[in-house]
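My structure is below; once you've seen it, I'll send some questions.
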Amino acid sequence: MGNNIYDNQKSIQELKAGDKIDAFVLVKSYDVKKTTAGKLYVDLNLVDRTGEINAKIWENPKASEEILVENSIVKVRGEILEWGGALQLKVNKIRALLENENIQISQLVPSAPIEPNEMLKEVKDFADKIKDIQIRTLVNNILEKYNNKLLFYPAAKKNHHSYRGGLLYHVLRMLKTGEMISMIYGSLNTDYIFAGVILHDICKVLEMDSDDFGVVSDYTMEGKLLGHIIQGVKEIEIEGEKIGLDREKSIVLQHMILSHHYEPEYGSPKKPMTIESEVLHYLDIIDARMFDFENVLKGVEEGRFSDRVWVLDNRSVYKPIDNNIK
Amino acid sequence: MGNNIYDNQKSIQELKAGDKIDAFVLVKSYDVKKTTAGKLYVDLNLVDRTGEINAKIWENPKASEEILVENSIVKVRGEILEWGGALQLKVNKIRALLENENIQISQLVPSAPIEPNEMLKEVKDFADKIKDIQIRTLVNNILEKYNNKLLFYPAAKKNHHSYRGGLLYHVLRMLKTGEMISMIYGSLNTDYIFAGVILHDICKVLEMDSDDFGVVSDYTMEGKLLGHIIQGVKEIEIEGEKIGLDREKSIVLQHMILSHHYEPEYGSPKKPMTIESEVLHYLDIIDARMFDFENVLKGVEEGRFSDRVWVLDNRSVYKPIDNNIK
Amino acid sequence: MGNNIYDNQKSIQELKAGDKIDAFVLVKSYDVKKTTAGKLYVDLNLVDRTGEINAKIWENPKASEEILVENSIVKVRGEILEWGGALQLKVNKIRALLENENIQISQLVPSAPIEPNEMLKEVKDFADKIKDIQIRTLVNNILEKYNNKLLFYPAAKKNHHSYRGGLLYHVLRMLKTGEMISMIYGSLNTDYIFAGVILHDICKVLEMDSDDFGVVSDYTMEGKLLGHIIQGVKEIEIEGEKIGLDREKSIVLQHMILSHHYEPEYGSPKKPMTIESEVLHYLDIIDARMFDFENVLKGVEEGRFSDRVWVLDNRSVYKPIDNNIK
Amino acid sequence: MGNNIYDNQKSIQELKAGDKIDAFVLVKSYDVKKTTAGKLYVDLNLVDRTGEINAKIWENPKASEEILVENSIVKVRGEILEWGGALQLKVNKIRALLENENIQISQLVPSAPIEPNEMLKEVKDFADKIKDIQIRTLVNNILEKYNNKLLFYPAAKKNHHSYRGGLLYHVLRMLKTGEMISMIYGSLNTDYIFAGVILHDICKVLEMDSDDFGVVSDYTMEGKLLGHIIQGVKEIEIEGEKIGLDREKSIVLQHMILSHHYEPEYGSPKKPMTIESEVLHYLDIIDARMFDFENVLKGVEEGRFSDRVWVLDNRSVYKPIDNNIK
Amino acid sequence: MGNNIYDNQKSIQELKAGDKIDAFVLVKSYDVKKTTAGKLYVDLNLVDRTGEINAKIWENPKASEEILVENSIVKVRGEILEWGGALQLKVNKIRALLENENIQISQLVPSAPIEPNEMLKEVKDFADKIKDIQIRTLVNNILEKYNNKLLFYPAAKKNHHSYRGGLLYHVLRMLKTGEMISMIYGSLNTDYIFAGVILHDICKVLEMDSDDFGVVSDYTMEGKLLGHIIQGVKEIEIEGEKIGLDREKSIVLQHMILSHHYEPEYGSPKKPMTIESEVLHYLDIIDARMFDFENVLKGVEEGRFSDRVWVLDNRSVYKPIDNNIK
Amino acid sequence: MGNNIYDNQKSIQELKAGDKIDAFVLVKSYDVKKTTAGKLYVDLNLVDRTGEINAKIWENPKASEEILVENSIVKVRGEILEWGGALQLKVNKIRALLENENIQISQLVPSAPIEPNEMLKEVKDFADKIKDIQIRTLVNNILEKYNNKLLFYPAAKKNHHSYRGGLLYHVLRMLKTGEMISMIYGSLNTDYIFAGVILHDICKVLEMDSDDFGVVSDYTMEGKLLGHIIQGVKEIEIEGEKIGLDREKSIVLQHMILSHHYEPEYGSPKKPMTIESEVLHYLDIIDARMFDFENVLKGVEEGRFSDRVWVLDNRSVYKPIDNNIK
């Protein structure tokens, strides 16, 4: 990832009560508010690659407000307090980025570890391995259609892969695992595996509204009323019709999308009925779980337990001594 | 329904061990088999409007086989035995229908109590009450498209309304109740109520294979892998596109179809999020339950309980004294 | 509803942080408290027809306390702050109602949209439609017995119909729907439908303690240990005995009350076993859901989603464009 | 129980395919039937204290029929066959009991191990230990009212204590355990413990129809529509009213009956809310489970597992070596 | 319990907003913190036998800090405020215990009502009643091994018996009940009952880290990854091997430990399959529930309901009038 | 697998009613029984690699009985009947294997597709890839200990891999997938992956009694009372102690075994808390599901659905056209 600003400043994730900081951060949002006593102050949310912190500017709120722009980089100086059980930054000084300070927004936005264009290329390489020309065409057409959004969409609003490029990163790791598993279980048809993986979540670009930083503000109206699984089924039906995709192949692919959450209460009204749809589910869940475990264990010392993690069914997870997570 | 053969013969539902019968019935299926001892015999399944019974022809099986044709009417004479806990007809005599015996297949096939064309007309009258021209056009186009099948499709393979014309009958009673409920709950939009009711199950004509007698042999490939709810959602998407239906209306209608089973484990990945989709679910379930109760109570005397009924969660139901079910 | 004070003042439901208000409200409760710093202040809860807001009087708490009486009307002036995510009224001025200010408490208390005496008359008209003289007598006797309480009892402590007259309003709408459904499903015995609806929740008057404003302070001892369903079963047993009600009819009615919540986990140890008890459940749930949907959708713009609604299983509900809810 | 016929004959429970028997048994039911081949035969169900077996009389069915009377004792000779996985007795000879054969029906009917009158006396002794005169009177009145039925009623149609006198035996063992537990947990009020135990199942005499042998033919109409829990609640309400029982005590007792199955899905709409109702549940379940375990383990050798037992959640249970069950 | 400091001071459980106190308490933990405004203060948690309260020292925090030692006794003077819905003690004066103030820590630490050494002796007496020499040796060896920890370990981190000596107290009451129940149900083998009860929770001393006051700071690494049930199974396997315990007895005992939580979701992968393991479960749950009920009801007046109690499935429990809980 | 007898005879799986057969099969069990009419006959169960069929010998049962030996090979001639919905072989001729008929039992016993010794060698090669010497020693010692049993044990009594060598085959495929997944998810420690996979089910050799053909007659006493998961945990504890395995590593491995069924109701009282135990679960379930799908799809034509498959949650599965399963 090269030389970046974290070499010189503490990341938000590392902060503790009592710390003094002097760092570049991204302004996610801000608001001018009034205390019960009637005093004005600025309430801000600041992020870097590692996390987010709430901050308050008690002095000269009006002056500060003038330099604040959402999604811009600022430099802040202040100290960390604990308030109501949460950390809070008391800002003593804040200023805009100087011209000569060569910092990219991408350095401050949580993102997938591989560059989006590179990921997209790799995904397209997998698409090209599909032997059936109809299915390959379908997959390439849909990739083309959503090309732009794929470059920044996260895989979720919260939870696993909820960062810039997360959707592509999720798909890419599933494709690699899917290719390997198909070597061991020879009865798997890689055409369906590759197509199913690439298309399984692709309608998340229709289900959620994401900004260019991979931050999802909300679900769309169609996303809420139907959801990306149903949207994905329709996508294949319609794009398949356009290219004369065999009905049997179209239905088999639609079924893969429909069943990939496996259980009705997770959104799949049908359980997998083909061997490739069965595998698709496990590729999906393994990648999600690996993401969550790695994400949690990053912040845990060897021989220690994490706090309870909501997305892992509230488990507290353990990092054995001398294992490989750096 | 006029004067029919039931005036002169015992119905299958009424038969008891020891009865002698001499009746017209429909041959649903037959097969020549061999006993463990090596003796040939004919194994048949016979139906009338009220039910089905297994029968055996022990004498001259070859001769009998010659006159047997599936879905044809025969006259049988014989006696009812109990074998392994079930009733069985021992056939003593069997012959084909004579030319002068004026009996229609429809008299022997379980059917809805209203004539199909009349029901379809009533349904179309409701469609015409839809005030929004786009939605009305959509509904009429889809009704037109499946016109033929609607005239005989049942509403299910087993359980409620699983007889000839059952789908239309189910829709029609829901429309009437929907119209009345909308008078009491003025916030309901009857356009969505009528459209939702008419379209909610319409893709059962794609999900199941039914013969002209309303007997479903099996689910279709797409029916099994996707199901009539998902098929219905796609139907509205595609037919809506064709007529330029406003996207918002299309999604609202698709959501009604998607959510009408209410619970994920019954096939709806989204719960109702509009007031009309909430009501649609109750219209559906009330009509199904009324059908099942009426169907069971027909055979129960006042002041008595029925046997346990699988489709009613295995309940045994009670018929109060002097109530109105004839 | 006539000309009322809402013509001239913002309702509590409409308030936003920053608003200045000058309005008549009802004092629900108040208390004099001390800050950590030792300063006295008055903490109040104020209501109008549309909702409730917490308020603080920081200046002259002792003086204010003198004019405060629970369930009295006051006029307040102040401004709306946001504190800890919730709105709070900072009271600048407060005074009792003047003699010449012609405002009724009923104008400030959330109530059913129909006048209680009118509702009770309509319910009694339905009772009179019961053809069986024994059942009619039973229903009239019980209505008579709880006549006074029925005029103001809500249908619940929280959730659906939890306002003045809510119980009668709930029963009335169910009666109307029940009458209509009985036209479509001719096998229903309206005697049991009308009696069941009128009696199904009537022991809520024994289960809860409500004041004259329809506000439930708590459940009664018997309410907590037995509940209105069991209380209702006993009511019919005992009142039935008094008038020589046929045992069969009494048990059928008791069963309707017992089973009307349908599922054991919602309080019904028996599922409905008669067709009228099956319908009673759906009349009940439809009216509750319509109430909740209408209640939520009132505050939602067309084409928008509500917040998540706890009583609707935490659903966020959608109001389609151009629908009929005003 | 003294010297009985089991000293001289194999019990039904011990029979194996291939055995020849010559034994006194009770005729539970019989029927003359016809084979598919048209041959008449007698189909009987025979019982002794240990179980039941199906039997067939192939020769001279008409003659046999003449001596058969339900609930009479006969002597049969025959051999045990295995047919369709079940044992069947092929009867070679059958005759009525001779005058000089001094065998009582009670010797052949499954019964509680203590004589009914003795059990009833012991239960009444516990009732007399109730210190509160109102509660003691209530309990004694209800015992008196159902005195006759209690002498033979089983505790269930199937499962635990489903034999003659089973209800009293169940209550008696619970009373003894309840008394002991109250010594350890001093906060328990034995008045409520004794009254609760005696009354908890007493309306099973209203819920089920039992013959004098403790065999339940069916549930009653009120039993099916309400159930013994609800019937028991009403019993206390009504009998309590008659003697002027304090309302608080009446409701506390009604709550004990109502909650003693603990979970809604087992028939208790309220969970126990008093310490005595909590204990009542455990007294009940312990006695039922001890009965089931002892019943199953009787037939199991040390160091072996039983077959799966439906009433014990389909568990196969193990009898350790050298344990105390004889 | 003799004459103790509660004779002269209000217990923490009794405190109400507005109270002034002057009392001996134990310092559980303390910390020096800074307000948003930058002011230092001391934040403390204080306990006595009855509960815990948060306290603040606003004046001279530095001076106070010097006399504070965790787990030491202090005397505090101050007043009780309500802050954010919780009680808080504003400390006006605090000092260490004086030499002549003869107060024991045990007087301030929540503990079982019987002296630990006495309880341990009683438990060992039960162990000596085990007739099988191998099982008796096993039980005595394990008791010996954990002798020291047993004298202070609680039975849980939170919930039932979570106080000093709670584990022994729990075991002792279960032994007494077990002995009595075995008198009624003669098929129970008291060897397994006594051994099973003594060993069922004994590995809680390995699962949790408790200080000498019976306060559990956390679960151990092995406790989290395996749990006391699995640890207990291994304990018997290994200690059994050492003394040549018959394999059959060892497995039967291991099964008792493994199955005593009854349901998989509570930690038992096998349900009880022996009669003694079935009973062990009920001894365990009865003692836990009696503890919880008694604990809650202590603070409730006759004829009143408690608040909702989380550990009792969120029930609110009722204390009947004139019952025996003092 | 070379040239085998299936080249010359129809396999049991392929049989249909009406077929005549003349084939070598293995006698799994046999019994002489009597018809209701008193006639003796032989009832046999015959197997080959593909399945099992019930057979009857009606003629000369005594003579046939003399040549029958369990687990011996016989040649049978006869015809296939359908009886009660199941296929049955009516044996016309049966004889023992002739000396010159060179057929091995292994040719008739369902087995894993790889030779056991070869599988065991491959598994040991994976064990040797474990870098940590303690863990490697542990794994090798346990493999050595159960070496003999591993060569023929199935992975289950019924369901997936329930054939000769099934346990090793299951482990081997999981090892291969585990190795590949570890390339993609670099944070996985292959030492734990390999050790966890090899040990996860190894105590099935203690849980079940299998004969040399991989047919499990029953579970062992310890298997029923504890189960292979708990047995596996103890195995690591004890074998780890012997070689001085670090306690942390031992517990981490024990936790992997304990948690690998993931859900309590499937036998894991703890959910995975390390990343390797999380993955172990998915390796296990993927291999089981691939086995089941491949097993079912073998018998299904392209473009068709299978019957419902109990072990796949009663799903009917679909085989797409032109896929790779031969």
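The letters A, B, C, D, E and F name the chains in turn, as written, and every chain counts its residues from 1.
The working rule: contacts are C-beta pairs under 8 Å (C-beta built on N, C-alpha and C of every residue); 3 or more make two chains touch, one makes a residue touch a chain.
Every value quoted in this text rests on a predicted model; they were computed, and no experiment measured them.
Student: Considering only chains that satisfy the touch condition with subunit A, which of them also satisfy it with subunit C?
Tutor: Under the touch definition, subunit A and subunit C have B, E as mutual neighbours.
Student: Spelling it out: a chain qualifies if it touches subunit A and also touches subunit E; which chains qualify?
Tutor: Common contact partners of subunit A and subunit E, which must touch each of the two, are C, F.
Student: Look at interface A-C and say which pair in A-F, E-F or B-F is its repeat, using the rule that over half of the contact pairs are identical by residue number.
Tutor: When the residue numbers line up for over half the pairs, the pair is B-F.
Student: Per the definition at the top, count C-beta pairs in contact and tell me whether A-F or A-B has more.
Tutor: Ranking A-F and A-B by C-beta contacts puts A-F first.
Student: So, comparing C-alpha centroids, which chain is the farthest one from subunit C?
Tutor: Computed centres place F farthest from subunit C.
Student: Would you mind pulling out the distance in Å between where the CA atoms of subunit D average out and where those of subunit F do?
Tutor: Those two chain centres are 44 Å apart.
Student: Between subunit B and subunit C, what distance separates the C-alpha centroids? Give it in angstrom.
Tutor: 42
Student: Using mean C-alpha positions as chain centres, tell me how far subunit C is from subunit F in Å, no decimals.
Tutor: Inter-chain centre distance comes to 63 Å.
Student: Multi-chain contacts only, two chains or more: what residues does subunit B have there?
Tutor: Correct list: 221, 224-225, 248, 252, 255, 273, 303, 305, 316, 318.
Student: Could you classify the connectivity of these chains, where an edge means two chains touch, as line, ring, star, complete or other?
Tutor: other
Student: State which pairs of chains touch, listing all of them.
Tutor: Pairs flagged as touching, ordered by label: A-B, A-C, A-E, A-F, B-C, B-D, B-F, C-D, C-E, D-E, D-F, E-F.
Student: Spell out the residues on subunit C that touch subunit D in their complex, using ranges where they run on.
Tutor: 221-222, 224-227, 229-230, 233-234, 237-238, 248, 251-252, 254-255, 258, 263-270, 273
Student: Quick check: in the complex, which residue numbers of subunit F touch subunit D?
Tutor: Per the stated touch rule, the residues are 33-34, 36, 221, 224-225.
Student: Taking the touch rule as given, give the residues of subunit C at its contact with subunit B in the complex, in rising order.
Tutor: Listed in rising order, the residues are 173, 176-177, 180-181, 183-189, 192, 248-249, 252, 255, 271-276, 278-279, 282, 285-286, 289-290, 293-294, 297, 303, 305, 313, 315-321, 323-325.
Student: Which subunit F residues qualify as touching subunit B in the complex?
Tutor: 56, 81-83, 88, 90, 303, 305, 316, 318
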